[in-house]
Every structure is written in C-alpha cells, then in structure tokens.
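The data blocks that follow each hold one structure.
What follows is chain A paired twice: with chain B in the first complex and chain C in the second.
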Partner chain A sequence: MTESAELQSSPRAGGVLEHAKRRGVLYIQILLLVALIAIWQGVADRFDTEFWTSSPLSILAALFQWYESGQLVTDLQLTLFEAGIGFVLGSIGGGVVGFVLGWVRKLGDIFEPFVLSIYTLPKIALAPLFVLWFGIGPLNKVMFSALLVFFMVFFTTFQGIRQVDLDLVANARLLGARRVDIWTKIAIPYSAVWVFTGLRISLPYALIGTIVGEFVAAQAGVGFRIKEATTYFNTAEVFAGLVVLMAISLLLLGVLSLIERRVMRWQTADTVSISDAAGTT
Partner chain B sequence: MLVATSDTKATAVRNPGEIVFENVSVKFGALHAMGPTSLTVRAGEFLAIVGPSGCGKSTLLNLVAGTLPPSTGQVRYNGRVVDGPNRDVGYITQRNYCLPWRTVEANVQLPLEFRRFPPAEIAARAARALRQVGLGGFEKAYPRQLSGGMLQRVMIARTLAYEPATYLMDEPFGSLDAQLRLRMHAELLKLWQDTGATFVFVTHDLHEAITLADRVVVMSGRPGKTKLVVNIDLPRPRDVVDIQADPVFGVYFKTLWHALEIEG
Partner chain C sequence: MFRFSSFRQRMIATVLLVAAALAAGPSGAAAQEKPIDVNLAVSSTSFVLGGVRIAQQEDLFAKHGVTLNVSVMDSGNTAIDALISNSVQFAVAGPPDVLVARSRKLDVVIAANLYRGAAGSVVLSKAAVQRIGVKPDAPLPDRLRALKGLTIAVPSATSTQTTPIRAAAKAAGIPLSFTYMPQPAMVAALAAGAIDGMMASSPFSGQPILQGTGVLWINGPGGGFSPDATPASSSCLNTTGRYAQSHADVVRRMQAVMADVATFIKQNPDQAKRDLAKGYPKVDQKSIDLIFSQEAQNWTQPVLTVADIEHEIVLLPNSSSIPDIGKMDPASALVMKP
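Showing the complex of A and B:
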C-alpha cells in the first residue's frame, strides 16, 4: 500500500538502542542503591550512629519482628484501607466538583475564591478538628485523606476541563452530539491527561492524610507504629515503618501508571507496528 | 483514491440542501465583518466562494452550519431558518478535528454514535467510508500516526459516513502539496457526482474554484458582499488536468482575477 510511505515511522533499530540505554540506567540505579545501603551500614557500624540513623540490618530485623508478631499485616491492612477509601472518595469528589465547576464557567468563577481559600489553608492544622468531628477511629483518617486528595484532583480536573477545545465541541455538535455525548466522549477523555496527573500527585497525599491522622490519634496502623516507636526511641522500628510506607506508595503508583498506560494507550501507540499491520491487509 | 467506484452508489443523497441567504450581515462588536448580502445556493450545485482574506467567506459557512447567528437577515436551509447547529451539513475545514484518543475507525464512527445508529450499521458505514477515502487497512491507527493528507481523508470519511445533504468545505486542501491537491480534486468531483449533495467550497485558489464549481462567487473586501457570480460552463465530468488546458478556463481565470484585483 502506497500510503504506508506517508506514515511517520521510526526505524526499528532506534527502539532497540533505546531499550539498551534504559537497561544501562537500571544497572546504575541498582548499583547506586546497593552502594548507599552499604555506606549506611558501614557508617552505622564504624561511627556508632545506630541510635540516630539505625542501620539497614537492624531495620531488616525490626521488619522481620514486626511481621512475626502479626502486627505488620493488621497495621498495613488498616492503613491501606483508610488511605484507599480516602483516595477513592477524594478522587470522586474532586473529579465531580472539578468537572462541574470547570465546565459551567459561571459556577467556576463564583466558587473559585472559596475553594482557593480552603486550599491555601495548611490542612494539617485541621487534623485536631477532624478528631473532634470524626473521632479517633478509621473514619477520621479516611476523611482527612479524602480532604487532601480532593483538592489535588479538583484542581487538575478543573484545569483540564477548562482546557477543552471549544472548537472541537462546536464541531461535535455539528456531527450530532448531544450534551451527554459532549461530556462523555469529548470533555472527559480530553481532560483525562490532567485527571491522571491529579490522581498521580494525590496518591501520596492519601497516605500522608492517613499517617497524619494516625499520628494525631489512633490505636493501630503504620503511622501509629512509627509514632509509638519514636516515643521509645526505637529508631530501627521507625525506619521500618518508613520503609513500609515507601514500599506501599511505590506499589500504588505502579498500579496507577499501569492503569494510566492502558487508558491512554493512544499516546504511546507504536508507529512501526501500524505500518506493518497496514502492509499485510 | 478518495472514492472507489464500487462503493459510491450507496451514498447518494436523497434530499440535497438549498441554501438561501437573505440580506444577511454579521457584526462582531464594532467590526462589520460581512454583508448585507443575499445569495442562493441551489440544491445539488457545486458552489465555490473566493475573495480576499477577511472578507467573510468562512463566516458564510458558519452561518449555514448554524455555529454563528447572523446580526441581521436570515439564512434558510431547505426552507427552514437556521437557528442552531445544522446537523444536515458536513463541515470540513483545514483544521483536523480528529480525537487523538480514538483510532481512525472510532473517529469515523463518532458522528454515527452521536446520531444513535445501530451498532452494526455504525461498523459497516465507517468501514465503507474508510474504503472510499482509501484508508482501508488504517482502521486501528491513531491520528498522531498519520500524515496531514491522511488526516484530511479521515475528516472526509467521517463526513461521508453520515451522508450529509450538504458539504461545507473551508479550504480543505490548503495544507496539502500541489500533487495531492490535484488528486483530491478529482476525487471530490467524483464524490459530488455520486452523492448529488450540495457543495459550498471556500477557497482562495482560483484554479481550484474553476476546476470544481458550477458557479464561482467573488466576494468583496470587508464588509464582504457578493460582488460577482460567474457561471462555469465547462463540460462535466471534468478531468482536473485537461480542464486547465481548455482555453475557456483561461478566460474564466482572467475574469475572476480582475474581479479580485480591483479589491487590492
């Protein structure tokens, strides 16, 4: 087919080279990680800084002990549950409100200063108030996470919806689109890039909300364990808590980017495979 | 090829649009952009509109599409006053309105989804339209993988798919190179002949206007008014290359050129 010549195909060799380069970077990263851990351990052993910095081996031991006691699983479950529900509630709330205020310009203009003034408030300062309102149980942490996530997702969705190309909307109307079609088939997909950015940024905030909630008042959870360990000056356990937190944020981010890549496949579509497919038909 | 012979008969339009502009003028605030002017586009004709830039050629099309209300006068489409988006028209501009997150196929299906066609027909019509514009085999490609010329064909296929009674075209081939342009002209003529639809074609290229149109409207500078209407009595079907060698072609060109030149 002659049209395949029109395709902007990149040579396949470029892809292979890219792959090799990325693998090289990965090796360096692993090496760096190992080196850092080794230095940490070395410094702790040689200069006896264990009290302040703990050491990788002690942390590993603390982690193992935490796991053995069965507490790790219950703490993790609780923290993940609180952060997860908070994330979902906050995302839905932020997404819906962001969409409405972004789409209905007049409403957006009216409400923007109000939302902005709550946004600029350091929300950590609200944590004690949340204890008063929602108690010291999981609901408190869920609501606090949801609050933090709400603002992140709200602002990106609001921005994204306002970016929607109005010419494209006018064109869709000519093509026969009804109001619902404009929302579901133009506006929402159009702003998806922004919404995903909001979700990605807000994911750590869901955890922050829960951990702060657990710091302030709780009976269990990873944050509660960290705070408890601090009061006993048990640095290894504190670091063990931090390691667990880091691991779950990375895991959640991975899951999210996997979903994002699936939904936004059109952005990364491989030019080469298409010209091949066209050639065979 | 834009239009494959075997496929085109099925797309014949039953009720081509007649468009009447009645003392229409358009003002954007203090700017008097166009008119007042009157003009009738006959059902099933190929009308080209030429004029200096900023004379309101595109504005005329927007009025028919109903995306812009006239400041005075009215536009009637098949006897009915246009007062909102006109869903009987297919509007093709130089801009490509492909949705980047949809495949070529899904983009062509878009107007059919909007119009609530049954799923089986959506698939069949989109496939046929893509074959008609010579994009069979590119169904699963994404817009960003295609060249400008191919994207323009996607836009045409998307319009073909719902068989509008009227095609509004605003310099649709402006971004294409001369060769591809000529090929598109041949294919457009064929499309016009096979569908029997009304075509209103805005361009600043006089060759293009004479090659394609039954009548060429010359508009004056701002505020744009119809200044001269020239009947192009060249035989049909036309060959886009041979027609330029026709001595009469040159005469039309000269007439139109002078009409435009006075505008400076």
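Showing the complex of A and C:
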C-alpha cells in the first residue's frame, strides 16, 4: 500500500482531507458570491439599472432604514411566527394523515384519489377564500402555510410508510412485538428519512404560504412590506424584503438540518465517500 | 406594339383605367385610415372608467381611428408597471401613482383626466358601526375619529382611493390602519367581517350597502370630504413621455376621444346613461341611475392643470418612499394643454 493510500484509508486522515475539501468549496462559494455582488453593483452603476435591478449598496441602505424604523424586527417576528406555526401544524397534520393512510393500506387506497385531487388544485387561487374564512389576521397566513406544508409532508410520509419492509414487520410480530413496538421501532424509523425529506422540501413552502397571505391582505409582515414597496416603485426595498426572506429560509433550513442530525443520529456514521472508497480498493 | 384600332376601343380602355383608378383610390385611403391598435391597462373595472365605457359604446375611439384593447389590472400601480415595461401604450391610474413613479425618475406623464374629484367612499360594516356607537350622519370630524382602531381596506398605499381618507385623517390628527386589497375583494371581506371598513369607488362601494352588510360612512363623490382632502382627479390616462413625443398623434387622438365623450355626456345625458348601463351589464338600473346622477359630471372634465398637480403633490404622504417630491415640477407631469 502506498503512503497516500494509507493516508486516505485511515479514518482520521480521511476526515482531514474531507474537511480541507469542504473548506476549498466554501472559499470558492464566497469568491463567487463576492464576484456576483461586485458585478451586480458595477452593472447598476454603469448602466443605471437602479429601478430594474436595484444594487447591493441600495439594498443594504434599504435594509438599514428598515431596521432603523423598528419595523424590520416586528415584521420578521410576525412572518416567522405565521410561517413557523403553519409549518408545525402542516407537518403534524401531513405526518399523521400520511402515516395513517400509508399504514392502513385499504384506507390509503380509498382516500388517495381525494387527497390527490385537492393537491392538484392551484392553491394560490384559494388565497382570497382564506381571507373570507380566516380574516386578514395571522390565522389566515398560518392556515395557508399549513395547507401548503401539509401536502409535502403527507406525500413523503405516505410513501415512506409504504416502503416499510413487510417481512420485517411479520418477523417482529412473530417475535411478539406489539403494534406500538412495530410503529415506534420499525415504521417510524424506517420512514423517518422520507419524513425529513418532506419537511426539508416543505419548509420554503411555509414561507411562501405566509408571504402570499401577506400579499393578499395584511397590515404588517415581510410580505406586506414587499407589496407596499412595489406600490412606491421602490425596487431596493423589494430586494431588501427578498434578502430577508432568503436569510429566514436558510436559517430555518439550518435549524431543521440540526434537528435532523440529532434525531437521525442512529443513521449517520463515519463513512468514506464513494470516490475515496473507489480510490483505495 | 399594342395600338387602339378604333375610337370605341379607346373609350373602353379609358373607362377601364378610370374604374381601376377609382377602385384603387378608396383602398389607398382606407389603408391610410387603418385604425391604430392601442393597448390600455386599467386599474380596476370601477366607475372611474365611466367616461371610457361610454366612449366605447359610442364608438368614439373608432371615430378617432383607434382600436382599444383593454387589460384589467388589480391596481393603478400594476397598470403603471405594465406601461413602464412597454406592454401597453397607455395606463389608467390616479395622479398619486404617476407622481410616485416620477419621483423614482420613471418617465410617466398624464395625457388626460378621466375622473374629477374623489371617486371613493368609505363604507363600514354594520357590525363596526354598532361597535363604535357613532351615527352615519354625525359631523365629519366625529365620523373620522370613529375610524381609529378599525381595519380599513384600500386598494394600495398610493391609490387615489387612499388619498382623501388619509389626508382627512391626517388633518384631524387621527392615526388610521390600512390593509391593501383589490376593490372587488373588499366587498366579500367586509361581509365576512375580515375588515371593518373599505374605501372604494362605485360599484364596489355600493354593493355592501345594497346587500345590507355595510353603511355609507363618507360619500366621496357626494362631496363628503373637505376640499383640502379631495383629490383633483381620481383617475387619469397616462403614457410615457417618450411615447408622447414619438406618437404625439395617438396621444392627441386619445385626448380628443376624452374631450368628445365629455361633450357627449353633457349634450346627451340620457343616451350616455344607456351607454353606461351597456358598459356595466352586471349593475342594476337603479344603481346606474344613482351613480350617473352623482358622478357623470366627474367624467366631463378631461383636462388637469398645473394647480391640480400641485394640489395632488400636497396630498401625498410625507414618506421617504417618495424621494424629492417637493422639488418636482408639476408641469412636467402633464402632456395636455389646459
């Protein structure tokens, strides 16, 4: 075995290499971001595209002004609250219904076309109806977010539960496992990967639901400020709102990733990447 | 070489030539008079467009060689966006939208006035009126004070519907809380209790009253707001300065249509009312009669003056979102000759 192969095959050395690789990628990403921002600013200055595309400096100024006015914090709080509650409600609803319909196959077969039919509706068209049903307060946005999240989590959970190895379930039953044991020790862990995939996909949808709700009718919130800025033809403020939304999304995805790593710890192990493995064998 | 062998043949050839020339003449003229397609984005389907609807029914656009294609947007601001993006040549929006756009250095100018004065009325839900304990015939300051704490829907921050209520409340020192939604959505939202009140123009302002879910609180077209808070215009025909220069003839035609319809409404009120009913087929005759009697004169003043624009500037809110509005030259916003 050569020295480099030895280095690669030792778990500690592999970890160091992996870390160095990730750092390299991070540097490239930062460079790319800086270059994009510089080009954006340059184009805005050179071609006077401030109204159409704004510019990073104007967006920064708009963000600062928003913060100074004291509205950024209250808008963020409201939007995060609405999206968060909507996400939790939609996830629980989608998870429970998906689990039940996925586990009880007959029930799933009966209800699947109905759920699919509702899913195919362009849900954005329901937004004005939500104003009638839930008013213009936070409940409207919470329910709209929950609706969007529900379907994402429902389908992945449903699919995950249906992937459970039935032989494993039969063996567990033979060994005397109770229904609760089968759910908690086989079905839920088995489908957890699917459920978390659904949660990850649906998280931006929770935010979309809230923003659409705030666009339709609201008195505060990040979406409301974006809409207000468009009426003043204030492109910098619109972009500032978008930057805030992007930051919220990334933050929430990070939090979800942490939770996922903690909950799914049993599944993660020190593994060598496929290419590394191929190189050492 | 071909030669005419007889006088008769010459006569036949002459007649054929004359006939051919006559046949070619009108078609050439027709080609010159081919109507110009004009795309117009409008802010809503409300009665601020009453004059335009009557002009359409009377074929006044066709008379001036214009074929009008109308697209309905959900606010004046969106209509201006369509104009700026060159999707349309003209946009209907109120002066605030135009002035805010100009404060952002956007090349939008007013070509004609479509509606003089305030078009919007404040309508409160019956539940809200019972809750606040003020009567609809109370003095205006009392009715304005009663709005404090209520959720009032307006089409947008820069809508002309928002202008009078915001100005009146500001003058009385009353903070109001607005929510933004398209006018057609306000009626259902008011009935469902999602909002306490709405500021909209007819027919939307009249619907809750007819349905028994709303109470007329301040009648805009009926002179319910003080002159200081009343806008000079609630709706204008706008275009870009560049288009006004490059297509001055089209702009003149559109201005001529609005001048013609103003004359027509004054001279033929009964026919104009019938045209209005045809233009708004879903509105019942009783409402048409009421709206026409109250609002028809507002469609008959197609010219805005520099003083009108100065008044509109004063009515705009003090906001950092409208940069350098105080330094704006009011005359630069107009392409009409008063």
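Assume the second predicted complex is superposed on the first by the 258 of 281 C-alpha atoms of A that agree within 3 Å, B and C clash if a C-alpha of one lies under 4 Å from a C-alpha of the other, contacts with A are read in each partner's own complex, and residues count from 1 in each chain.
Keep this in mind: a contact is a pair of C-beta atoms (placed from the backbone, for glycine too) under 8 Å apart; a residue touches a chain by one contact, two chains touch by 3 or more.
Bear in mind that the values here come from a model prediction, so they are computed numbers and not experimental data.
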| item | value |
| --- | --- |
| More chain A residues in contact [chain B versus chain C] | B |
| Touched partner set for A:217, first chain B, second chain C, both or neither | second |
| Touching partner for A:237 - first (chain B), second (chain C), both, neither | second |
| Which of chain B and chain C A:21 touches, first, second, both or neither | neither |
| Partner chain(s) touched by A:51 [first = chain B, second = chain C, both, neither] | second |
| Partner chain(s) touched by A:229 [first = chain B, second = chain C, both, neither] | second |
| Touched partner set for A:105, first chain B, second chain C, both or neither | neither |
| Touched partner set for A:185, first chain B, second chain C, both or neither | first |
| Residues of chain B defined as touching chain A within the complex | 65-67, 85-87, 89, 91, 95, 97, 99-103, 110-111, 113-115, 134-138, 140-142, 144-147, 149-150, 158, 162 |
| Interfacial residue positions of chain C with respect to chain A in the complex | 75, 77, 80-81, 100-101, 104-106, 151, 153, 156-159, 177-181, 185, 188-189, 192-195, 319-322 |
| List of chain A residues in touch with chain C within their complex | 51, 65, 128, 131-133, 135-136, 216-219, 224, 227-234, 237 |
| For the chain A and chain B complex, residues of the former touching the latter | 1, 3, 6-8, 167-168, 170-178, 181, 185-186, 189, 192, 264, 266-267, 269, 271, 274, 277-278, 281 |
